[in-house]
Each structure stands twice: as C-alpha cells, then as structure tokens.
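Have a look at the structure that comes next, please.
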Amino acid sequence: MEAEFKDAEIFKRMMDATGNLMSDVSIDFNEEGFAIKAMDPANIAMVLFEAKNSIFSSFNIEKPIKISVSLDDLNGILKLVKKDDKLKISDSKNKLVLDIRGKTKQHFTIPLIDENYTAQKIPQLKFTAEVTVLSSLVKDSVKAAALVDDSIYFTVDMPRLIISSKSEEKEFSQDLSINDNKEIFDMKSESTTRSKYSIEYLTKFLYSADSEKPIKLSFSNNYPLKLDYEINSDAKMSFILANRLE
Amino acid sequence: MEAEFKDAEIFKRMMDATGNLMSDVSIDFNEEGFAIKAMDPANIAMVLFEAKNSIFSSFNIEKPIKISVSLDDLNGILKLVKKDDKLKISDSKNKLVLDIRGKTKQHFTIPLIDENYTAQKIPQLKFTAEVTVLSSLVKDSVKAAALVDDSIYFTVDMPRLIISSKSEEKEFSQDLSINDNKEIFDMKSESTTRSKYSIEYLTKFLYSADSEKPIKLSFSNNYPLKLDYEINSDAKMSFILANRLE
Amino acid sequence: MEAEFKDAEIFKRMMDATGNLMSDVSIDFNEEGFAIKAMDPANIAMVLFEAKNSIFSSFNIEKPIKISVSLDDLNGILKLVKKDDKLKISDSKNKLVLDIRGKTKQHFTIPLIDENYTAQKIPQLKFTAEVTVLSSLVKDSVKAAALVDDSIYFTVDMPRLIISSKSEEKEFSQDLSINDNKEIFDMKSESTTRSKYSIEYLTKFLYSADSEKPIKLSFSNNYPLKLDYEINSDAKMSFILANRLE
C-alpha cells in the first residue's frame, strides 16, 4: 500500500481525534479508501471513521490491508507536517513509512504493532431523535454543563432541544428551539426523547469538530448516542457513546 | 432580588479579583447597588468593593439581602459570559440563579452557602501619604521587587516616590519624582512616609486593575496600605493590606 | 567596570542561552569587550561566547575583571528589560549593579559569587566537515529526530547532508543536497564524515539561534561538534558538544 494525501491536515485531524480516545489504532485500507472501527479501552465509546480514496492524490493498493500503529508515534510525526507539505504513507514489512515533503524531505519508519483488538462489530442502532446543530453550540453547552456535573442530558421535545445537567446542588439548562435558533439546522423526534451521556467523552469527540460546521446527534430514550460530522466531503467521522443510567 | 447587568464584564472583573483572595464571597445587595466587605482567610487583607445600581440595566429588590456563594462556582460560570452577552442574576430559595443570554440562553443555579464570616468592621484609617499613579508603573515595580524579596517598601519623600525592596544579598530600587514622571498624577505626604507590604497580596490586588488607568495608594509610616481603583464610574474597588514589620 | 549596552536584547539572548546550560556564569570583561568560556556541570558541553566592545554605547574598564553571578538572578532582571530600554551594568565591591532606564529607572544589585570553575581550557579541535545551514532547518530536523531517539547523526557525503536518528524500532532520516536545498549555504567535507550527538544539548544550543539566520556545524568522524552562530556582527556564540559513541 502506498498513499499520498491531497491534504494531510484531514488525516491529522482524524488521528488527533482518535488519539484522545485510544493509544493504538488499526486502519483498514482497501480500494475504496480507509476506515477505522475501534472501541475505546473502557468499552464505552466507539469510533467509526471513513475516508474515500478521493482523499488521496495517488493511491496504490494490491489487496486490503490492516495497519496498526501507536498513536503516540503517528501523531508525533503528523505534528511536524506543515501546511502545504505533502505526506505519503506506505507499508514495508513490519513498518509504516511516512514521507513528509516540504522544503526538505523527512523520512520516518515506525513499527507496526500486533493488533490486539478483535474486529469490532458495529452495533445496529435505531434512533428516535436526530438533531443537526452548529458544532460550537454543543461545545459551549458541554463546557457549561461540566461546571455542574460530569454528565449531560439531551432532550428533544419538538420544537425544543434542551441541553442540561444537574448535580445534587447545581443545575444548568439551555433551552433552544428550531424556530428561534438558526444554529439548529434540522431536528426530528418521534416523541419526547431524553438521554444522559458522559461529558468527558463528548469533549473528546468534539475536539476535532470544526466549530463553524454542523454535527449530528442521534439518540433515543436511555440509549446510546451517535455523533457524526464531516471533516470534508471525503472524510466522515462517527462516534458512538453508551448512555448513562439515569 | 433580580438584577441584570449593563456590562457583565465589570462584575466578572470584580469577582475575579475577589477569587484571588478568598474562596467564598458574600455580596450585600440593597437599593443603592451592591457591596462586598470581606477579610481574607489569613486576616491580612480586606476587600471593600462597591457598585452603584446604575451598573444594572434592570434591578428589582424588595429588601436588602446578603448572598453568599462559592467563588469557584460563580467564576466558573462568569468565564462563559462572552462580550455583548447579557447576564441576569436572581435569588430563589437557597439558590443563586444566573441567566446568560447571548446567541442562546444558558440557565444556571448554584447553591447559596452559609455565611461564616461575621460582619466585617471596616477599620478607620488615617493616612499621611497619598499617591495616585498609573497602575502599570506599580505592576512593573512589584514584579521587579519580587526578584529580590517577598516584600516591598513604598516611600514618599516629596517630591519623590521610592519603591524598593531589599534582602540580605540583593537590592532593588526605583526612584520617581512627580516632577519628572508623568505616570504620577498626584502625590502628597505630610512628611517622609515609609512602609513595607507583602508582594504576594499586592500582586493579587493589582490583578484586575487596568494597566492604563490610575490607582491610588494611601499609607502612613509602618501602617496599613489602602489601594483604590475604579473599574468604571459605577464600580469602585478598595483593598486594605496590613503592613509588615520592618 | 561600567558598561552600557547599545541593545540589551543581545545580552539577554546570550545569557538566556547560557541559562539553559548552567546555573552560574563567569563573564570576563577586558578592553576588547567580554567573553564567556564555561563547561556545563555534566562536562559534556562548552559555551564560548564573545562580544566586542562595539556592543556597548559606553564602556569604562580599568583592568580586566571576571564577574560571576547566578543566572537565576541575572536572567530574572533581564526579563524586565523592555524594547528600547537602556541597560547599564557595573561592579561595586561584591555586587553587580544593573540599571534599567526606560520610562522609569530601575536599579538592582545582585551578589557576585565565588567562581568555582577553574579556567576552562578550550580544546584544540580540527574538523573534517563544515556545514553552514539555515538555523530553522536544523531546528526542525532535531525536533523530528527526537521522536525516534535521544541522539542524532550528522553525515556529510558531498554533496549530501544527511540528518538522521535510529532506535531499535524507529527511524528518521532527512536527505539534503547543497545542489537542491537553498537552506544550505556552504558545505565541505574531506571524505564521508559522520558523528552522533545528544539531542537534548543541541536543542539547548539552538534555543537562542534566530531561525532565519545561518548556523555553522563543524565536526569530524566520531568527534566533538562545534556549533557557531552570530547574534549580530558584534556578538558570536559557539558551543562545543562531546560526540556520542556509536
């Protein structure tokens, strides 16, 4: 496998988000592009990333291959990639080779690691509520909720979206309506839907989301959350997060 | 009590300065506005803040009320207030309610706490020296003095203001004259006046002072210091600091 | 001795670089200007700095004098010097006196310390390879190599300069040619020359080098490195670094 990225920034952002959740990553390359399906070590969150082969300016692959590396190694090197630098990755025996070409050409090899993860089965989830909203709005709400508790409630009661948190002594709530808040792009819910999630994980999920772009929250009553956003038209990131018991 | 601030930034700065000195605060609201009189836990410094009711765009109060909260709780929430956001505070049973209204409306409640402080008696102080000087000048001098010792001397010997510090081995001094330094706006002293103060406390007092604006230092020989500055025409901050023995 | 600097920034940068390597410094003043020759406490690196008396706007010296001070004391004070401030230093009994004159005049005295260092003998070194290269290029390479190991190889095989590092599992290499890379200003080597150095020390040496200016690397096979750069035409900094065994 040998692949050169059109825009290494996109790969950097995907790996950065992954590095917040786990220390190793397995990337599945096939003719279509690449994908990551991984469970965090605490078994609470799942990452499901997909990038089409159009993300590459050149791409040679003989057969599908899974590449597992330490995210410490990989993200350390990706940090060196400057704007307009070209990045090529390839596999060679038990190594991943990274070539950064800018003013100069930097060449790295890092070890592939044994993949300890068994193939992740993606849960089949059915959601009763879906909200598409400006990323910065959720980021701000999560920060506010963190002052009160370590978990957050999302409630959809059409046409309202309520984001709230509550501890024994303190409360936070933010009341939004699709009619009044132009930061809400789309919202639907079969009936009143409400569920509770970890703020720590949500913060990690949102880390790589562009504040100026939409994210989609899908959930049901007392049910896992799916959070989706695009890095660009070629790269999609999804996170699944177990709900917290009320 | 229900009050909406014209400019929440002023309340933020007052509470920020207070948070450097103590972990809880008691605010006295009455028809005139609000005031804080508090002793720091080490009994070395006193804060005396006053804001007129003109600081509010709307203000309803039935009877004077004292509101005591954790500054951790309060300042965490105030940090979320963005420029041009409106902030309303009100009391409800044993809670302080904060409503931030910007693009969205965030609603917080935090517990009121039992006020452990007995009412502070403000000491009647008489000063022989008063100096009004650009805040940045004192900030710079305090930083310089901190390289030499943990306390600082202020000396007024008309027309000179000498700011200095001295340890066994090192010395710092800064010699200013009201005739030469346009950063000194006003200065009077009955005779040569000199006193010594803690640099740590002075640094905390100056934290919220606008570098481009005047502060007033009032003191006598081996006597407490009073430091005054305005946040704006509606909000005044004063600090009293015990002198150090020479 | 009494000396006023034309541009205190230069003295700041020299002392800042020194402070990364040792806690005390001895500065030799004579009619020509001043010089520092010092070994780091681990005996691995040597600093050799020289500044001509043209660095001073005024300079009075009766006889050569060595001034030894704590770099904590000195650099703390130098941090206060703002752009366009004037800095005068002088010795007085067992003290170094520093006068900063800007908007106000700050006056410091710090103790001279007993110089524990015996006079450093500068090793007579003969190099087979010399490379003059843009500082930022080496800075970037050192950062990249640090991801792989704690030491770095410099190899000159005309017309190529190879900067690389290697651990049991990871590799980094950067291949440059004087023909292709305009960041390489000059390069000569008697034959293939290669040597290995500590990344930690190189990072400290490069700390005060202007990224936009050239540095010179001189070395031989398995032999110490000399790294030279100018702060300006009046001030030269050199560092000697023991090689690491391959």
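In this document, chain identifiers A, B and C correspond to the written order of the chains, with residue numbering beginning at 1 in each.
Here is the rule we use: contacts are C-beta pairs under 8 Å (C-beta built on N, C-alpha and C of every residue); 3 or more make two chains touch, one makes a residue touch a chain.
Here's who's who by UniProt: A, B, C = DNA polymerase sliding clamp.
Keep in mind the model is a prediction, meaning the values are calculated, not measured.
Chemist: Between copies chain A (DNA polymerase sliding clamp) and chain B (DNA polymerase sliding clamp), what's the superposition rotation on C-alpha atoms, in steps of 5 degrees?
Modeler: About 120 degrees of rotation relates the two copies.
Chemist: For copies chain A (DNA polymerase sliding clamp) and chain C (DNA polymerase sliding clamp), work out whether under half or over half of the interface numbers are shared, and give different or same accordingly.
Modeler: The interface is built from different residue numbers on each side, given that under half of them are used by both copies.
Chemist: Counting only Cα atoms for the centres, state how far chain A (DNA polymerase sliding clamp) is from chain C (DNA polymerase sliding clamp) in Å.
Modeler: The separation of the two C-alpha centroids amounts to 45 Å.
Chemist: Send over the residues of chain B (DNA polymerase sliding clamp) in touch with two or more other chains.
Modeler: There are none in chain B (DNA polymerase sliding clamp).
Chemist: Touching chain A (DNA polymerase sliding clamp) in the complex: which residues of chain C (DNA polymerase sliding clamp)?
Modeler: 137, 140-141, 143-144, 147-148, 169-176, 181, 183
Chemist: For chain B (DNA polymerase sliding clamp), which residues are in contact with chain A (DNA polymerase sliding clamp) within the complex?
Modeler: Residues 73, 76-77, 80, 103-111 of chain B (DNA polymerase sliding clamp) touch chain A (DNA polymerase sliding clamp) in their complex.
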